[in-house]
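I have a structure here, written as C-alpha cells, and I will follow up with some questions on it.
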Amino acid sequence: MPNTADKPDTGSAISFVPPSAMTLPRYAGVASFMRAPHLSLDNPVLSEVDIAMLGVPWDGGTTNRPGARHGPRQLRDLSTMIRPKHPVTSQNPFEDRNIADLGDAPVNPADIMDTLESVTGFIAKLKSKGITPLSAGGDHLLSYPILKALASDGPLGMVHFDAHTDLFDSYFNGFKYTHGTPFRRAIEDGYLDPRRVVQIGIRGTMYDGEDVEWGLAQGVRIIRMEEVIDRGIDDVMAEARDIVGHDKTYVSFDIDSVDPAFAPGTGTPEIGGFTSREAQKMIRLLAGLNLVGADLVEVSPPFDPSGGTAWLGISLMYELLCVLAGSNATRNPNRKSG
Amino acid sequence: MPNTADKPDTGSAISFVPPSAMTLPRYAGVASFMRAPHLSLDNPVLSEVDIAMLGVPWDGGTTNRPGARHGPRQLRDLSTMIRPKHPVTSQNPFEDRNIADLGDAPVNPADIMDTLESVTGFIAKLKSKGITPLSAGGDHLLSYPILKALASDGPLGMVHFDAHTDLFDSYFNGFKYTHGTPFRRAIEDGYLDPRRVVQIGIRGTMYDGEDVEWGLAQGVRIIRMEEVIDRGIDDVMAEARDIVGHDKTYVSFDIDSVDPAFAPGTGTPEIGGFTSREAQKMIRLLAGLNLVGADLVEVSPPFDPSGGTAWLGISLMYELLCVLAGSNATRNPNRKSG
Amino acid sequence: MPNTADKPDTGSAISFVPPSAMTLPRYAGVASFMRAPHLSLDNPVLSEVDIAMLGVPWDGGTTNRPGARHGPRQLRDLSTMIRPKHPVTSQNPFEDRNIADLGDAPVNPADIMDTLESVTGFIAKLKSKGITPLSAGGDHLLSYPILKALASDGPLGMVHFDAHTDLFDSYFNGFKYTHGTPFRRAIEDGYLDPRRVVQIGIRGTMYDGEDVEWGLAQGVRIIRMEEVIDRGIDDVMAEARDIVGHDKTYVSFDIDSVDPAFAPGTGTPEIGGFTSREAQKMIRLLAGLNLVGADLVEVSPPFDPSGGTAWLGISLMYELLCVLAGSNATRNPNRKSG
Amino acid sequence: MPNTADKPDTGSAISFVPPSAMTLPRYAGVASFMRAPHLSLDNPVLSEVDIAMLGVPWDGGTTNRPGARHGPRQLRDLSTMIRPKHPVTSQNPFEDRNIADLGDAPVNPADIMDTLESVTGFIAKLKSKGITPLSAGGDHLLSYPILKALASDGPLGMVHFDAHTDLFDSYFNGFKYTHGTPFRRAIEDGYLDPRRVVQIGIRGTMYDGEDVEWGLAQGVRIIRMEEVIDRGIDDVMAEARDIVGHDKTYVSFDIDSVDPAFAPGTGTPEIGGFTSREAQKMIRLLAGLNLVGADLVEVSPPFDPSGGTAWLGISLMYELLCVLAGSNATRNPNRKSG
Amino acid sequence: MPNTADKPDTGSAISFVPPSAMTLPRYAGVASFMRAPHLSLDNPVLSEVDIAMLGVPWDGGTTNRPGARHGPRQLRDLSTMIRPKHPVTSQNPFEDRNIADLGDAPVNPADIMDTLESVTGFIAKLKSKGITPLSAGGDHLLSYPILKALASDGPLGMVHFDAHTDLFDSYFNGFKYTHGTPFRRAIEDGYLDPRRVVQIGIRGTMYDGEDVEWGLAQGVRIIRMEEVIDRGIDDVMAEARDIVGHDKTYVSFDIDSVDPAFAPGTGTPEIGGFTSREAQKMIRLLAGLNLVGADLVEVSPPFDPSGGTAWLGISLMYELLCVLAGSNATRNPNRKSG
Amino acid sequence: MPNTADKPDTGSAISFVPPSAMTLPRYAGVASFMRAPHLSLDNPVLSEVDIAMLGVPWDGGTTNRPGARHGPRQLRDLSTMIRPKHPVTSQNPFEDRNIADLGDAPVNPADIMDTLESVTGFIAKLKSKGITPLSAGGDHLLSYPILKALASDGPLGMVHFDAHTDLFDSYFNGFKYTHGTPFRRAIEDGYLDPRRVVQIGIRGTMYDGEDVEWGLAQGVRIIRMEEVIDRGIDDVMAEARDIVGHDKTYVSFDIDSVDPAFAPGTGTPEIGGFTSREAQKMIRLLAGLNLVGADLVEVSPPFDPSGGTAWLGISLMYELLCVLAGSNATRNPNRKSG
C-alpha cells in the first residue's frame, strides 16, 4: 500500500542544504526532519540521496501504553531547531552527504501483519537504491520489518540501546509480533547474528527472565544498567564495538533506555536509566563502525506534550545521522556530487 | 526576504486532492494545511492555484503574552484530521477549487517594519496571480500588511470577529504597529472602508474607550457581545451582510472572539465569548459574500499545548475555506480545470 | 481468556451500598466504579446483582489517535466523587438495585478478533445471569461485541449519541472492524434493527458521506447537530423515544458527542457539540424506555490528563445508571431483596 | 496573628489609580490585585480606602481535593490583565472609589479554629474603618469568619452562587467546620437571615439531601440549576433581588457554580453549570443592591495550572468590584475625595 | 473509625500471586498496589499475610503546598506496571512472601489528632498479626503514628532519606504536629532511638538551623547531600548500616530526597538531590538489615499529573518491598506456606 | 520611561528581614523576590540598600521561542519558598546585607532599542547609589544594557554559564541586537574585557562556528561541556577564577546551561547540560571574587508551567545572592547598619 499522501514534490533542482535559521526562524515553516527536503519514493532525485530520514507512525505492537504512533510528527516539529554542524567534530552531515526526508512509511493502524509487510517493502526500496535509512518510531516492533529488508544479504550485527531486551517470545495467548518481541523474531529469522548483537542499558523489573535466558543462549551480549554504571561508558562501548566488529551493523535506540527524568514521553519507562550526556557519548562512540541503518523509537508524545522527549530524541537522531553519514561516506566516498 | 526553506517541490503533476484518511492515517505524514500540496512561490503550477493557505509565524506585534508565532505549526499539525466534505452543504472545496499550502510567509522576529513589508510582498504576489489567500496567524497585526496588499485596487469591506476592536492608536510611548492597532492603521491608510467594516463580539474590560469612539466616528459598526446575545446570531449576521454588501470583503477571525473555555490558547482571552457552535454558524452565514481573503489569528500554542484551540481554529479555517471557495468560484467559474 | 486479575473477592456478606464520603473521603480508597463492590465473574453473590458496571480497556479499533484503553482506569478514579442520590429525581440506584463493579472485560491489545470474542463472552455471561451491563470504554468498536451478546434473542433498538455515525464499511484496504464501523457490522449481522436506531449529534467534516447514505437506506434515523440546535433537546428526544418504542433498547454514548470544550479527552473531537447540560438532559429523557444495556465510550485520558473529561464521563454514566436502574426495576420488580 | 509579611509600604502619597498597560505591560510588575496599591493594615492611608481586595490563602476546610489555598496568588497573577473600565456601563471603579489590595489575611494551615479567628479579626478591622471587603479564596469555609465579622450589627442577606448548598451539618464523625458547612454555621449563629438567603445553581449528586431539607426549613430559597435553565437568568435574578431586598447583603460566588468546561480549576466540580456569559450577567444584575461585601472562592490552581479558571475568577471579581463600588458610593457618596 | 469502604472481599481462596501482564494488560484492571490482592482488615486470610501495602491518603500536616493525600491513588495506578521479579537479585517477593494491599488507613481530612490516632490503630492491628507494613503517603507526618504503633516494644532505629530533617519543634504559633515535626515528636516520645537514626540527603535553604542542632544534640547522624556527593553512595550506606546495626529498624523514604528533575511531584522540592540510580542503589544496600516497616511519602500528584513521580515512587516501593521481604523471611522463615 | 506601576511604598521603617514561613505560610502573600521589601526607585530608603533584585520582563531579543518575558513573575512566585539561611555556609544574606526587590525594569515589548536604553538607565541609577544588581530575565539580550551601565568605569570580567556563546554577529538580514548577540556587542563596545571572559557549558549543534572563532580571536576562554565533563567542576572553576582574577566581574547565568531534564522551561534547550548539583557547586565556587552584579536569564514559563524550572532558577538566584552578598560585604564592610 503506497503512502500516497507523501508526494509534495516531483522533480529536479532540489537543494539538500537546509535553510539557515538566520533567514527562516527555527520554529517556522512546514516541518520536515531537520529541514531536509521532503521527497517521495518515486522522485527521480532519489538516485542522488545517500541517507533517508523517515517516520513509521505506528504503535500496533504496543501491549502497554500506546501513543508512539505520534512520534514522527512531534520529532519533525522539534527537529527544525537542529543546526547543521556537529559541536565536537565540526562534521556537517548535510554538506557531506545528500540527506532527505522521505515522509512516513505506509502503515495500517488496524492490521499488524499488513504493516510489517508495508514497512519492509518501503525499506527494501531504499536499500535497492543504496540509501541508508534512519527511521523514527513508532514502537519497537518496527525494527523487525526494517531489519528484514536490510538483512536481505545476510544477518546483521546490532548495537541496541534499551531498558528492555525485546527478546520475549510472545504475549497474550501466543501473539508473536509485539514491541517486546522484535529481536527474538529477527534472530529466529536470521536477520540478526546474535553473536554480533549487544544490548546496553537493560534494567527494570522482570516477568520471569526467560527473555534474558533465551538471548544469552543465542550468544547475545546483554549489558545491564548496573554493569554500565560500574564500568563506565567508555569501557562498555569499547566492548560493544568489538562485538559488532567491522561487518554491517544496525543501531536501534529505544528512548526508554534514557532515564524518565530526561525522557518521560514513552510508554514503558524504567527508572535508573541513562542521562542525556551518556546517551550522546554512547552514540558518538559508534563512529567508524560499518553502519547500514538506525532507528530511534518509542517517543510517545501523549506522555510528554511539552516536546522535551522529542527534543532529546531528535538531538540523538542528529548524533545517529552524523555517525551514519560517516559510515556512508566510507562506503561510498564518491557518491555525493555537490 | 524570500522564505527559502519552503521549497519542497519543483514541478509538475501535482494532485490537488488530499490523500484519504482511509489510506494514510489522519495523524500521519508531513503536515501541510489540510493535506493540500505544499508548493513554493516560484512553482509554475501556482498558475493553477485558486486558493492558498499560508502561515504567518510571527507575534512581533504582541504587547501582552506572546506565542502566536507558533500558531501555523500547530494548526497544520491538527489540520490533517480535517476531512474534505462539508457536513451541511456537502461542498468539497478541494474538488471545486485548486487549493495549496504555500508555506509560511517570510517574517523577521526581531524587526516589525521589515516583517510588515515582507508579508505585504508575499500576499501581493498571490494577488497578482489571482490567488485568494487564507492566512493563519500569528498575531493580529498581520492583517494590516495583508490588507495593504489586497487593497491595492481600492478599500475593502471587512467582517471582523474579535473580542477587541484593534482600533487603538498606539502603545508604549506612541508605538504605532502592534496587534491592537492594525485596523486603525488600515483605515487611516485607506485599505479599509470604515463604513463597510463590522466588528462582532467586542467585549472585555476597557482602557478608556478611545478606540471605540474613534471607530464609531469613522463609521465602523461595532456589535458588542451583549448585543449579539440579545439579538441572536442570525439577526446580527444579516446586518453584517448588509453592511459589507456586494463589494470586495475581507474576513478576519480572531480566535479570542470565542470563549476561553473553547479557545484557551490565546494571549488576550476575554470571558463571555462565542461558543464553537455560534462561531461555525457565523462563518457559514458569510456564504455568498464577495470574499477576497480571510485570516484566522491569535492561536497561541504555549497557552494550549493540548491542541484543542488549534483544532477549533483549523475547523473554523475549513469553514472559511468553504465560503472563500464559493466566492472564488463565483468570480472565476471556469478557472478550475480538474 | 478469563481476566484472572479481577478476583479480589470470594464470598459472601457483600454490601451493595457504597461507603459514605462522610466517613471515607471521596478521593480515598481503592477505586471501583462509584465505590460499588468489586466482584469477579465467578463470585456466587453475582446471582444477586442487577446491574454491572465494567470496563473494556481497549482501543484496538482506533484508526486515529489511541488512548481510550486507559478510559476505565481514569473513570474509576474520578467515580469515587459521585454521591449516591440523584439531585432531581431523588432516585438512589444503589438502594434500589444491587450494583457491582465486575472489573474489566478480558482484552488483547494485539489482536482485534480475539478481543471481540472475549468481550462477547463476558457480556453473554452477564446476560445469562440477568444482569444489565453498563460498560465503560475503550473505543467504540466495543459496542459491537456487546450488542452481539445482548441481541442473542433478537435485534435491539438503539439510542446513539455521537458526533460520528460509525456506519463506515471499512478502512485501510478493507479492514472491517474499527471504531468507525461497529454499527454497520451490528446492523448487517442482525444485532440492531436499523428502523429502531436513532443517532443524535452527528456532525463534523465528512469523507464522502457513504456512511450516512447507507444508514439512511437501512432506515436509521440520523439527527444531525444542526437539527438538534434548531428543534431543541426536548423535541428531538421525543422523536427518539418514539423511534425505539417499548422494545428492548441499547444506549451508546460516545463522549465525542459532547463539545471538545467540555470533553477534550477523546481521540476524534468535533467542534460544535453538546454542552454538558444538554447531555445530562438527553440521558434523563431516556427514563421509562426498556433499556437492556448501555455504554459510555471514547474517553481517552492521554488527551485530558486533568480528568475533566472522565469526570464528565462518569457523571453521565451515573445518569445512565439511573435510567438503567429504572428499566431494570420495571422488568424485575421483585429481584432486589435488600 | 498579624500577617507580618504584607508590609511593603509605610506612608503617604499613594496613588489609587493603577498604572496603565500602555506604559507598564500587562504581564509585568509585582502582582497586586488588579494593580491596586498594596497596603498593610497599619498604613495610615487606610482611612481613605473604600474597598479592599484581599486573599485568604487557606483550604483547611476542604474535605475533598485541596489546592484552593493557592487561589489568591494565581488570581493576583492573572489580575494584572484586567483593564479599569467596564465595557457595558463605562464605570471605572478605580476612579470612583479608593481601592487597595490589603494582602492576605492571616491563616494557619495546620489549625482551623485559629484561622477562623484570625480571619474574623482581619475583616473586623476593615469593617471598623468602613472598608468593604472583596475576598479571594481559599475554600468556602472562609465565608463563615467573614460573615461573623460583617454581621456584628445584625444578620445579613446573601446571594450565593454555588453548585452546593454548603449547608451540611458535619463531616467525619461530627466535624463542624468544613467547606461544606459554612452557611449552616452562619445561620445557626445568626450571621445570616435565612429568609434573606438565596442559593443559585445548586446541582450535582447528593448524599441524602439533609442539607437541602434543613435549608428549606429555615426559609432559605434554593434555586436548582434545572430551575435556572427553565426560567432564565433574568427571571431568577429578579427573584433573588426581591429576596434580599434593600437591606445589607453579602455576595458569595463559588467558582464551582460555573461549568467545569469554563472553570476546571476547582476541587469539587459538578457538570451542568453556568456558562461564563451567565455568570457575568448574574453579577451585573446585582447592581443597586445594598452590598456590604463579597467573596469569590474555590479557585484551585493545581487543577488548572493554565490559569484559565483564575482568569475567569478575576474577571468575575472585577464584576463584583463594580457592583460593590456602586453600593459603596450609594452609602458613602462623599467619601472618595479624588 | 474503620475504613468501611475497603471491603471488597470476605473470604477464602485468595491467590497472592499477581496476575501476569501476559494475560491481563499492565494498564488494565482495578488498581491495587502491584496487583496484590486487596483485602480488608477483618478478612480471615489476613493471618496468612506477611507484608501489607497500604495507603495513608492524608496531608493534614502539610504547611506548604498540599496534594500528597492523592498519592496512594496515583501510586496504585502506576503500580500495575511493576513486574514481579527483581532484575539484579532475581528475588520474587510475591512468591517468597504473602503480600496484600490492605487499602487505605482511615483518615480525617479535617482533624489532625483524630487521624494520628486512627493510623496508629490501623498499624497496631497489623503489628498484632505479625504483618510488616509498607505504607504510601500522604505527607510525612504519617510516619509518626506508624512509628508509635511499631515501637510499642521499644524504640526503633531508622534510615531516613529526605531533603529535610523533619526535626522541627513547631510551626505557626507552636503547632506541634506537621510534616516538618514527626521525628522530633517520635524521638521525644521514645519511638525512635536517636543514636540509631541516620538522615541522608539533607539539603536546601534553612530557617535558623535549630532542627539540625537539636537532632545532633540527640545523637542523630545527619548526612548532608554535599557529604553524600563527596563520599559516594557506598561509603555513606556502609555508615548508615553501622548506625542502625542489627536491631529493629524502620525506613522512611521521602520522595523529595530525589532531585525535582526526577521527582517534580512533591510539595517541598529542593534542587541538588539524588538521581533515580542513586535512590535505587541506596535502598538495595539496606538488604540484610532487620527492617520492621517502611514508608514512601510526599508524592503529590497535583504537582506531577503525568505520573512520572508516582512511577519513580512505586518503583522505589518495589525496592523497599524486596528488602522488607528479605527481612521478613529472615525473621519468619516458615511462615509463608504456599 | 519610568515604571510607574512599581510604587507600592513611599517611606520609612522598612524591615529588610523577610517574614518567617513559621508565621506566614510559604505560599502566601504578595510575591516579591524572596519576600524582600518591594521598593520603588524613588524611595528614600534606597540609600540603605546594598543589593537589589529586579526583573526584566522582556524577550524582544528572542529569535526562536518566546516566553522569557514571563520569567520574573514566575520566579517571584516560587521565590517565597526560599528560606533565608545557606545550608552549607550558614550565611544569611538577608541579615548581612540590606536586600530589596526593586520591581521590574521598564521595558517596551514592541521596541528593542527603547528597551535597551531604559534598562541601562535603570541599572545606572542603582550603580549611582552603590547598589549591586541581581537581575532576573527575560531573554539574554538584557545582559547587554546591564553591562553597559555597570561598565561605565571600565570593562568588566565575566563568568558566563550557558549552552550558547551568544557571540553571534547578527540575525535576519543583519539585525544586531538579539539574545544571540549580547556579548559580541558588549565586547565590541568595551563593556567586557574579552581576556577576562570565560564561558562554561557551551554545547549543542552549530550554525557555522563563526561565533566561537570570533570569541577565541578576542581572547575569550570557551569551555565546552565535553571539557567540563572530562576535567570536573572543581578544575574548571579554578581556571575560571584565575581568568577573571581580582578585578570587577559580572556573572551571567543562562538557565539553558542546565540540562532540559532539570530546566525544561526555556526557549532554546540543548541536551547534555549541567545537573542541578553541578550548577549549585559552580556558583558556590564563585565566592570571594569581586562581583559587581549578576543575572539569571531565559526562564520561560510557557515551556514549564509547573514552575520546576523557575524553582531551579530562583534556587540558583539565591546562591548568586549569597556570593554577591559576600562580595558586597568585602567592598562595603560598614554599609549595613541594621
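By letter and in written order, the chains are A, B, C, D, E and F; residue numbering begins at 1 in each of them.
Here is the rule we use: contacts are C-beta pairs under 8 Å (C-beta built on N, C-alpha and C of every residue); 3 or more make two chains touch, one makes a residue touch a chain.
Predicted model only: the values in this text are computed from it and were never measured.
> Of all the other chains, whose mean CA position lies farthest from subunit A?
The most remote chain is D.
> Determine the centre-to-centre distance between subunit A and subunit D, using the mean Cα coordinates as centres, and give it in whole Å.
56
> Hey, how far is the Cα centre of subunit D from the one of subunit E, in Å?
40
> For subunit D, which residues are shared contacts with two or more other chains?
Touching at least two other chains: 1, 23, 25, 27, 63-65, 69-70, 109, 171-173, 259, 261, 303, 306.
> Connecting every touching chain pair, does the picture come out as line, ring, star, complete or other?
Contact map by chain: other.
> Give the pairs of chains that touch; include all such pairs.
Here the touching pairs of chains are A-B, A-C, A-E, A-F, B-C, B-D, B-F, C-D, C-E, D-E, D-F, E-F.
> Mind listing the subunit B positions that touch subunit A in their complex?
1, 3-15, 18-19, 23-25, 27-32, 35, 37-38, 55, 57, 69-70, 72-73, 76-77, 101, 103-104, 106-107, 109, 305-306
> Which residues, counting only subunit D, touch subunit C once they are in their complex?
Residue positions touching the partner: 63-65, 171-173, 202-209, 224-226, 229, 259-261, 264, 268-273, 303-304.
> What does subunit C use to touch subunit D in their complex?
Per the stated touch rule, the residues are 20-23, 25-27, 81-88, 90, 259, 261-262, 275-277, 279-280, 306, 308, 311-312, 315-316, 318.
> Applying the document's contact rule, which stretches of subunit A touch subunit C when the two form their complex?
Touching subunit C: residues 1, 59-67, 69-70, 108-112, 114, 171-173, 175, 177-178, 302-303 of subunit A.
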